[in-house]
Structures are given as C-alpha cells and as structure tokens.
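Next come the structures, one after another.
What follows is subunit A paired twice: with subunit B in the first complex and subunit C in the second.
Let's turn to the complex of A and B:
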C-alpha cells in the first residue's frame, strides 16, 4: 500500500491511498477536501456555486437544505454544541482547494433557515447580551433538546440515579459521563435540556448557577 | 322455454320465432363448443406461461441481460411485456387472450418496470429543486441503484435500457417525462417547459465544459452579449443552472456534477 506524503497533490490520489496514521482515513473521491480530523465532506462541498447564495428561490431552498445537513453532520461529528459567528470553523464554511467560502451574511441566512421551527429547528439563536444587537452565536441541535432529554434521563434511569441529586457539573463533566455524547455540552444548552425534563415532570432543579443540583424522577 | 302467445297472424310468427330460436340455440352451441376448446387451450398455455414467469421471476428481476432478451422475445411474438392491453397481431389466438397473456407474463416483468418507473418519478421529484427538472439518465441510474435514502437495501439494478423502457411506460401520464439528448448525454426532463434551441445549446455546452460564462458563450457561439445573457437568465429562472459569483466573471454550472464521485 503506497503511503502518500501530506504534500502529494489531489491528482495523485488513487482509490487505495490512505494515510495509515492516527489522522483520518481520507476518502477516495478525487475532489474531496482533505481534513486532518477526518470529517467526510460530501462531494457538493467542492462544487463552487455551493458557496454562492443562489438567486433562484427553488434552487436556494435546496441549497439551504444541503447547508443545513452539512452543518448538522459536521457539528455532530466534532460534537460542536455552539457556533459563534466571530469564530466559525473555516473548513465548514469554505473550501480552500477551490478558493470559495460562504460570505458571513450568507452564513447568517443559512443559520436563520435552520432556526425556523419548520426546519427543525436545527439551531437556536442565543440572544445577544447587548440590547438591539443581533445574535452572533447559536446552539446547534444535531440532536434536539427533546432527544437529549431522553438520552439524559435514560442514563439516569439505567444507572439507578433516580432520586439522587446530581450537580450540573457532574452531568456535564463528571467521570461517569465521560463516554456520553452530551459530555462537555455547552452549559446554556444543558439547561435547556434540563428544562425540557422539568416540563415533563421528570426532573427538578435546585439552587443557582454553578451550585445547581438536579433531581430526576 | 318459449312462450306461445296466440294472436292474429301469430302462428306464422311463432313458427319463424321457433326456428330462429332453434338457429340461435344451435349457433350458441357451436360458439360455446369453440369457446370451450379455446378456453382449454388457453388455460394450458396460461399455466405454462405462468410457470415460466415464476421459474424465471428472479432472473427477470435481477439479470439485466435476461430481462433484455425476454423483452426482445416478447416483442418478436407481438406482446408488450409491460402493457395489459397493448397487443399487436395476436387476434388469431382469440380476442381476449392479449390481456390475459400479458397478465400471465406480467407479474414479475410488470412489477419490475412498474417499480422502476415509480423510482424514476421519485428521483426526478426529489432532485427537481436542485436541477430544475433535467437529470442525466446515468444520474438516475446511480440513485436508483442506491435505493431510497434512509432505507436499507431496495436498490434496483437497472440498465439504461431498462430506464428508458420504464420511462416509455410513463407516457400515459401525459408526457410529463421525456428523454432529451444534450451533448451526447441522455437526460430525463420531468417538467413541462421545453427548452428552446438557444437554451438547449447552452446546456449542451455546460454539459461538455462543466460551466460557462457569458463571455465564453459570446466567444464560442458567436452570440451577442444580450442574447447570451437572456438565455442564461432563462436557465437560472428555470433552476437549471447554479451560479458561482466568486469567480472573475460569474460562472454558470450544471448541478449534474454536484454529487459525483460520492
């Protein structure tokens, strides 16, 4: 098996080439962007018009759907719970190989699309702390708060922890949740998830901020 | 049982009536004898055909070569393997045999093409937002082979021939699905609006080059700028092309290559 050096060009990629190291398997399609962390970018991310907001509304609707799917899968892969417009992952919104990137205004358009209830919502804008200022960050729901609530409660149930009080810290970063998908979830998002459980009558929150504790039923 | 009514001049009438009744009965006898013989022959034939299609149903479904041969055979003996009633020159075997014949043959062959046609319609509908209703047959073939998204299995292994046959069978739907050749490539058009010659020309060029700019159209087709812009505007309006505005000059791309290589 030929080992390809990082400097080899895309054109020299064969269908059997991959870098046999700790870095990811690079897909065999010749037009794929190489990502050192291994997310499998779909072929349409190498299609230049993908980075131009299409004027035709029918085409645009489809384009927004493709972006939504891409963003959701990317964030799920890297377990990104929150996107901030001032520091977006570059390989998500641009393709260096074809020198194309989605304009910041268009990124917002995509996220707005994802924030609509009829489209999920797959993201949730976080209100800006400054009055009259637009949101500049959002939670990403590659799983919905409802789905997270199910997962969290399911884990509490399986581990026989119903009735005990767990701290928010433990739920986010404790040893017991090290292998769980919600570990290191953005705290604001975790609270939303817990509120879903509270509404369902499956949990109760005591105390404030860092000292908050949660009891599950 | 004839009822004998007595009335004026009825005697003559009733005689004639009796003999025409006798003739009628005799004729009916003949017909039913023939019909019975025919029915017997037919049922033997039907059984043989049914067995054939059962034995080879799997082959018909899974083997494109066998399927093509089978379809060729059917056409040679004047039977459309797909249609229920569309039979040529088979009157000699008895009027109603055509529909029955196709029905016997039909179960697996019919099912395959019917299912394929359904899949083609689905694929065209799913991709319309992306390609404005023009999709390469090879593209459809790939998508059909992949199966419905989210469902395991169910991909259909169809040849281009199969696809064209399936599309043919959609004609009764009012000609919504037509095959058009652009740049040597076969496309399925699933929208009613036809391309005018200029639009077809540009799509052909895009098919070959991957994308065009207004300048390229001017230079290669010797068109005036206004003409080129008009056509491009039309194609954009019909969602047939995508725009890339981050190049030196706006480029217009066919969506066909968006998912290639995946």
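Let's turn to the complex of A and C:
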C-alpha cells in the first residue's frame, strides 16, 4: 500500500507517495529500483471514494484519469500486455485495507474510457470471436503501438539486421530480445505493431499465421 | 407634523406600537396633497391600524413610508371615483394645536421668502416628512442616574397616572410621571430650536457673502459642520456612519440627517416644489387614491377606528373595579409620586403580616374572576376588556413557568401570542386583486415570523428548514384559526424574492423546497462542511491509528451531517448533493451506505504539489 510515513500529515500527503507511481510509468530504470517491494500503489488508491464511480461529471473525469494512470503504470510494472475481464489482477481493482473494490461494471467503464481515441487510446478492445457479444479482453498500451514500432525498428537498426528476415517467434522469444521490453509481447499485439511499421513502409510481412516472417527496411 | 416618517419591520411593514393592531391592508394606492400627486408616493400599500394610516411605497419602501396619526385627523371625505379617476379618501388634519405642539413649531406656518431661501440652501429629501417621534428624548432615572429613552408612543399631553411607564433599564424602578413628562417636553422643545437656529444662520450668511457666490458659500456651510457627528447628549465626536453614540448610546438621528444633507448639497431643483408639498406646515389635506379598489372597506374600517379611538386606551384609566371607591381612582394628573400605582390598587386600611399577604392574594383572585366573568359575558365586553385579558394570559404564562411541563407552558405562551397580529383574509377587501394582496401580506407575515428572534424558528433548525415543516409550525401557531392552505402558502413563499424580503426559498435538485436566510449562500455552507471534513487532518498530536483520516480527512454520512449541523436528514442529503454537484465533495458508496468525502480528485492528485499545500492553507483560512 501507500508508503505514507507516520509523520506525514499535510505536505507529504500528496507528494512522497505519489512520486514513485509517476516514475514507474516510464519503465526500465525505476522498475528495478522498486522491484523488491512490488508495485508501489499511489496514495489515491487508499481514498475510499476512488472505488465509487462519481456522478459529478467533472469529478468523474478526474477519477477516470487517475484510474487509467494507475492501470497503465501497474501493467507497465508487471509487464502485462493483455487484460481479460474474467481474470483481472486482484490487487489492482480492490484495496483490502479499506475494504473497497471497483465493481465489474465500473471496471468496464474505466476501460471504455481508456479505449477512447482522445485518451490515447491506452487500451484496445479485442473483438470477441462470437458476434453480438461484448469483448471481454483488451490490449493495454502502456506504450502506444507507434512507440513500440519505433523501439523495434531502432533495435533492428542498431543490430544491423536491416534486410534480413526475422520470424515473429524470434521477435517475441528469441535470445536476442531477452533483455528488451517487448519480450513475451502478446502475439496479436505484436502484429499490430508490425502493421504500423508496414504502413510506414519500413517492414514487410511474409507467410502465414504460424510461421510468419518480417523483413525490415 | 401631519405626516410622520414610518419605521418598518424586516418584512417592510409598519412596525406597530405595543397596543396597536392592524385593521386593513390595500395595495395600489397613491398619495395626493390637495389636488396634486406627491412624487414617489404613487404606488404602494396602505395600512390601516388602530392608531395610524400608513403608506409604504412598493419600489423604495424604506425611503418612502409615511404615516398619519388617527388622532390628528379632523374628518374624512370620500370621493367615489368617476370614469378614469379612481376613488379617493381625503383626510383633513385637525386645525387646533395643543399647547405642547406650539413649543414644537416656532417656524411660521406659511412659507415666507426667507423660508424659501433656507429650503433652497439646504434641501433635504429625507427630512420632509416629520420624524416619527422624538428619538432623542431621554429621562434620567432619579434612583440610579441611568438615562433611558422615552417610549415612542408616550405623549405628554395625554399622559395621566394610568399611562403605563416603562421601568428604568438599569435598576428597574418606575419613574414618576411628572419626571417623564418633563423629560419628553424638554426633548421636544430642544430640537426645533436647534433647527431654527440653523435656519436663521443660512440666510444671514448668504447676505454677508459677496455677490455672485451665494450658492457655493451656503453649500460649504453645512459641510463644515457635518464631519462632526457630535453626540447631542455627551458631545462625543462619533464617526459619520454611526447612528448611535459610541459612548452613551444616544441616538444620533438628527445629526445623521444633517450630515446627509451635507453629502448631497446639490439636489435637483425642479423637484423641490413637489417635495416641499410634503412639508409638515403647508399640508392641508392628504388624499389616498385607491387604484386597485378596496376603498369602501378601508373607509368603513377607518371610520370605526376613528370612533373607537384605541390610541386613548393606553392612557385611559382601567375599567372601574367593583371593589374600589370612585374617589380612590380619581387622582389628579400631576399629584403622582413613585407609589402612585401601588397605592391606588391597595386597600386603604393596611393589614400587615401573613394575614395581609393572604388577603391580598384572595383579592387578586376575586378580581381576576370578575374580569374573566365580565369579559366573556358578550362579545362587546370582550372587545373592551381585551387588553386586560391579554395581560392576564401573559401573567398566567409567566406564573406557570416554574411548575408545569414544557408542553403546557408552550401552549399557554402560544395562546397569548395567538392574540397578536396576523393577517387574516377578512382584514382584506373582496375583489379580484385581494387574492394577490392576501398572498403578499401572508408572505410578509411569514418573513416576520421567521426573522423574529424571540421564536428563533430558523435558528432551531440550523438556519434551514423545509417548506413543509415551516407550514406545519406556522399553522400550529395559529391555533386552528384562519389556517393557511398549502397552495396559498407556497405562493406566498415564492413571493419572497419579488418582495425582496430577507428570507429565500430554495429548490433543491430533487424538488424539495426549503427556506433559509438570504445571506446564507451555498459557498458558506460548503466552506463550513469542508472545514468539518478536514478536522482529522489537522488534529494535533496526530492520531497514529487514523492514517486515512490524516491523509484524506473524514468521510461522513447524511445522518452525521444532519446531527452536526442540526438539519433534517433530507436537507442534509440535499446539501451534500449540492456540494457534490459543485465538485467540492465526492461520494463513496459502500455496503453501509453512502459516505461523502472532500473531493481530492480535482484538488490534490493532479496539481503541482507545493501550490496544492499552499492552496489548502488558504482554503482553511476562509
């Protein structure tokens, strides 16, 4: 929970505990710094009204903004690429210390808010396989596909692999990407990232689903 | 002295004397002097009371309100109206002057050329109607030396040994009558002398100045005097805006008016002619023009009031009691001493000790029995002895204060207050306009009821109460007579805004109607709620276990809010939701209901941190 020191009364109320959460949002450096203690939840997660969707629209906007920041930083910390409504991380949407949790219906509202184009989008609903059914899982873009594409292309450029053909499996689980952020990325999401590169004219995809290959330019 | 300035209550109605009662109200009334309309007095309410005929303007009630004492009316004349001219009632003042008023008015009765000069030099729109009463009259208590104000309705010319005199405010001893009369005559003779001195000074000054600058000089004369808002009693130099002396508490009214003149030396000239019509000395007749009807009832009740002469009641001897000999009750008007009152009511042969006390008690009981018996014999008798019966009811209420239950006490005091003033439908005339008039009068009644400090209706409810509660409380005070229908009640409440009364009706989002003081705004309510929410954050020393409280303050339910502020739960819910709507608080819905917290979403988590802390300190200081 929030690491509010006992002597914090007024000034530390929003300063100390809040800072780690913002830095956690930009990965790699700080992830290691606090990895020992687990994800550091910001102060507002122990604010009881945080778990009730506010009827006042202005307040609700602020609340949803806080939620999307929380979800993004949480997923970035635990490297979660895909959320499914049926199996949500328990400590993300509830706080056992104050006995509050966000209702499942409200979770969808929060995710819907994040999926709007004007908010990033910071998640993307995965269309469900059966028709006329709400999708129940989504990709979480703690980095946007554009940013991922830049990172991927930058890595290819650095390692001098332009012109070679790499398989999707290699990009996800190969030895060369072991230390990279996008390792173990959800396959569907990786495809979206590659499509961005294709659109930019920097890559080309060959072959079928299982053993597709990518050639970078 | 025919037209007097009128004091108004908070509800902008004439404030009545102790024994005065309201007889009739009519709106859409204008005033005429002779054949001419009096400017600014053309659209208002006419109030007929047992002592006065009052005019209160609709647009500027505080500025344009005058009254005519019934006792100064010689006769009335009725004009029924013809084609476009509406019905009018003309009041003729009494021509004869009493000796006391001769002292009062040394100024010549008809305007002389010098008079006109004085007027043009120091025009005073406010002082045109004669001042209500001599506000500066004081009497010094012979026992303790405290100077008390002479009561407003004390008239030295009609006072006799039966006039009720107020006791000294400091020591509680009643003054001798002669003392009081001397004091009030002295006060009356003082004031016009001061005024006439000023009147003489101005033209003299004007003649002395070189030609070409008379107006400028005369304008600077009062302003040189004006900054000294000197107390007429203790000569302390008060600040200009004060109305009572800081040191001795004497009223600075006359001084205030003179400073008012100095502040506005250039009054528009042309309207002077119209205004000087209102001057007390030149007035010959006053006409009330009834543009919205109601003149017949008004005239009828006016005539009854003139016949009844209620204003004599206060100085009239009490109803002769069977036990007293006539010689006893007829004391000379000035032979009174301090014990005059007590001596007239005690029997001649003195009985001392316990026997005397018992005998007095028995006599008192017997006397009360006789009064009650005769009062209820028939209605006429009840009317004439109403005063005594009311006094007795009040006395019973006081006497029972110790022993009985609170409920019984409140019933008794209610029954006494029920005899007081309320507007009833039969006080108003019939006709199409009377309905709206009834509503406005009811509206003013309600405002008076709510602002009455003795009842403290609003205070008891935390400054806010629902309209339904008020309806119940108000109707209960009427004791089952002339109850108000909910429809009329709501209409009257809606009128508060139009009439600019100090009470306002507020509609919550859910449609709940509540009543609160006009000065009480949402901002104030929210500020007081937030400071309560923040209490745990600033507790010193901090409670270690209450980490949540230290961080976010306190979450409250509507129930707790209701208890804390003395509101009803419904009102508390509405107030909280109002605050939520403005974004000051936010809600937390959990299994045991909804709690409200300060809204940290918008304030705390998003803005730069240092500024945030500073802001919160600022908010606290509010």
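The working rule: the second predicted complex is superposed on the first by the 180 of 217 C-alpha atoms of A that agree within 3 Å, B and C clash if a C-alpha of one lies under 4 Å from a C-alpha of the other, contacts with A are read in each partner's own complex, and residues count from 1 in each chain.
Assume contacts are C-beta pairs under 8 Å (C-beta built on N, C-alpha and C of every residue); 3 or more make two chains touch, one makes a residue touch a chain.
Bear in mind that the values here come from a model prediction, so they are computed numbers and not experimental data.
Using the contact criterion defined above for the overlaid structures, shared-chain residue A:81 touches neither subunit B nor subunit C, since it reaches no partner.
In the superposition on chain A, contact of A:59 is made with both subunit B and subunit C. Of the two partner chains placed around the shared chain by superposition, neither subunit B nor subunit C is touched by A:67.
In the superposition on chain A, no contact is made by A:41 with either subunit B or subunit C.
When the two complexes are superposed on chain A, the residues of subunit A that touch both subunit B and subunit C are 42-44, 47-52, 54-56, 58-59, 62-63, 65, 99-100.
Subunit A makes touch with subunit B in their complex at residues 29-32, 42-44, 47-52, 54-56, 58-59, 61-63, 65, 99-101. Of all residues in subunit C, those touching subunit A in their complex are 537-538, 542, 544, 547-548, 550-552, 555, 580-581, 583, 586-590, 595, 597, 599-602, 604-606, 609, 612-613, 616.
Those residues of subunit A lying in contact with subunit C across their complex are 4, 6, 8-11, 13-15, 18, 42-44, 46-52, 54-56, 58-59, 62-63, 65-66, 98-100.
Within the complex, the subunit B residues that touch subunit A are 128-130, 132, 211, 236-237, 239, 242-247, 251, 253, 255, 257-262.
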